[in-house]
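Read the structure below first, then the notes.
As written, the chain order gives the labels A, B and C, with residue 1 at the start of each chain.
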């Protein structure tokens, strides 16, 4: 295969894997925004917390990457559940701007605490031996780990899709997103669905944080650095639409990767311009539901 | 005043053969309604009869499938809602929609400033503009709201907010005033005040009231239109409608005299 | 409608029903403090000048957010554009400072007029995202277009001439302080005039209930664009001031951090009260300067906690607290009049 084609194929591949990670992290926020109209700017912080849990498991318990994953998920979900039951009681029912300020405050707290506990250095979680190296996929040479990422994230995405579209819980969730008031009238406990979904969403973010540490290194400012990216995915995909954020995440992942290759210092410009255009054309996002 | 004096010239509002459907659901079926200047007209009917839908078509929020709406002889069926407000078709809302954190005087002042094209002036102050203050005072006086002029709307009780809602509508110098359930949620004590206010509405404007509260309807209206299932059932004077057997069966139920 | 003859007592109290920023002790107090600082803490004039500039910036944000309800995280864009424009002016045309301020204001206003009609169609989260996108685009552009903007290094090396030909800029920031103070005073007067005007009431109405406003026949988007442009121009002046007194302008002015800091200042001080900008920005920037130097992460922790508590317990900022206190005192004293602001 010619060099140029190889480069572009590899770039696209990398973009897709990056997009998958973005999707995993953003999926929780999409549902949060969709169901409770809650703007949670601390969401990236949960991905970060997941990464730190995994790091602790690796450093102090000697776990490998895959073994540390459940530790990260459970740990993050516990933290999320606690925060949801306490702090977020204050966040419900205030204006959007106030929610933004409060959750930014939470993000600041997360950043500061992580720095105090873990220090300011960047960390990438170690990849197990059998996932290092490269693979030859249809004539294109790509990193094994990124293949793994795409497969795992893809499976999770399918799992999410199945739960949302195919189960009873999913039906109730979709009803809550489409019309929370009507859903409540129909006897659906929207509050409980939200609490549960929020916690799971943070767990998913943790998965993204752990698996994506090669691309998005774990460090205290993680919670703020990638926030804009996640917000863009959610806003352009459409609030409350998992299909939307999946599509948007992939597109943005690919555009960002290509952009940085073509214009190393200006790649972001193209991405923001496209976001601008999309939001102007469809202010509710690509696949908005409500 | 004599009806004939006000009836000279084209009617204030003339609706002819209005039709509207949502898919298979016919919400307005060949409705016709005429309001002369100075009319005191009530629109009643059971829930789901299509009363609010009709009002939405009059104000331009909904487009009818066929039929025409004329204001003093001029066709306004295609005009935008803003245009209709400028032409004098004003409505109040069933769910009160005011500027909560502004004072009562400021609420009315905004309407008057907009009328006088003052709303974009970036210097001076409305309080120093005598035209505006006089006009605000007139409106508030008419509705017995002078005492609360300085209070924020958010501090007022429901009944008084209703009055501000009406004052705001009147400040827009309506020629046709559509009151959407003005008595909804109003306590029986405030109801008397509301009726008193309604009786003091300017004599030359045409008023259409949508209401469920029959005591208000019978004491306020001169003519009543009864809407059932999107179609006109009966139209006539208050006595005619009260006596009508169909209306009693369908709407007033077995409660006899109200 | 019959005209009732003008009745003096009614008209007076009715006029009072239109809320306005009336002259009170705060008007005097603020400027006394500001001028006093010059004499009391002469070694801190550099910080003082920065505080004055950021108060101006925060004031501009208050106009947009507090009065107009325009949720923006992109005010930094105006600051940066104003700064770059005036630096460019100083580098290539003349180092005369006042014209530099005008250039900064005009450049920022142009940005406002261009972006306003586009983004002000949206509200809420979408609007915030759009303002973020624009700021990020400008930041990326500034970093990339090295020939115009100096890239990561920014623009520097320009010399600012004495103000009005008389007052030279010195290394102790003495001239700079008063220069900034006077500009701030003028901006404050303008802000006060606009806020008390019919236009000011209109945009507050738009903030409260845009749908109703439209049904009054008011073109709300046009009004908001006007407010947004004015607010942007003021932010541009702040940016120009910053570029002039520090002799440097960089891409860090275009981050959403700049906008975020101003927003936090307003949370502390209080939205929609003009003075909130003074109080909040002064507190925030003085603290962040001192505390961040000592321990940035503990400062961040404290700030985060403060934000959460402030939003929950003081949604109207410190000014709101003092108003509630005054209200409480008035009610106890039997006055019962609501004198609180917008």
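Assume contacts are C-beta pairs under 8 Å (C-beta built on N, C-alpha and C of every residue); 3 or more make two chains touch, one makes a residue touch a chain.
Bear in mind that the values here come from a model prediction, so they are computed numbers and not experimental data.
*Asks:* Please categorise the chain-chain contact pattern as a line, ring, star, complete graph or other.
*Replies:* line
*Asks:* State which chain is most central when centres are taken as means of Cα atoms.
*Replies:* If we average C-alpha coordinates per chain, C lands closest to the whole-structure average.
*Asks:* Centre-to-centre on C-alpha atoms, which chain is most distant from chain C?
*Replies:* Most remote chain from chain C, centroid-wise, comes out as B.
*Asks:* Taking the mean of the C-alpha atoms as each chain's centre, how many Å separate chain B from chain C?
*Replies:* It comes to 43 Å between the two C-alpha centres.
*Asks:* So how far apart, in whole Å, are chain A and chain C when each is placed at the average of its C-alpha atoms?
*Replies:* 34
*Asks:* Starting from the mean Cα coordinates of chain A and chain B, work out the distance between those two points in Å.
*Replies:* Roughly 51 Å separates the two chain centres.
*Asks:* Residues of chain A that contact two or more other chains, please.
*Replies:* In chain A, no residue touches at least two other chains, as defined above.
*Asks:* Which part of chain C faces chain B closely enough to touch in the complex?
*Replies:* Within the complex, chain C touches chain B at residues 1, 3-4, 6, 10-11, 13-20, 193-194, 196-202, 204-205, 208-209, 211-218, 222-223, 226, 337-338, 342.
*Asks:* So in the complex, which bits of chain B are touching chain C?
*Replies:* So the residues of chain B in touch with chain C come to 81-82, 85-86, 97-106, 109-111, 113-115, 118-130, 133-134, 136-138, 140-141, 146, 149-152, 155, 172, 202.
*Asks:* In the complex of these two chains, what residues of chain C are touching chain A?
*Replies:* 65, 71, 118-119, 121-122, 124-126, 128-130, 132-134, 136-137, 140-141, 143-144, 151, 256, 260, 263-264, 267, 297-298, 300-301, 303-308, 310-312, 315
*Asks:* Chain C touches which residues of chain A in the complex?
*Replies:* 33, 39, 87, 90, 94, 96-98, 100-102, 104-113, 115-116, 220, 228, 231-232, 235, 239, 263, 265-266, 268-269, 272-273, 275-276, 279-280, 283-284
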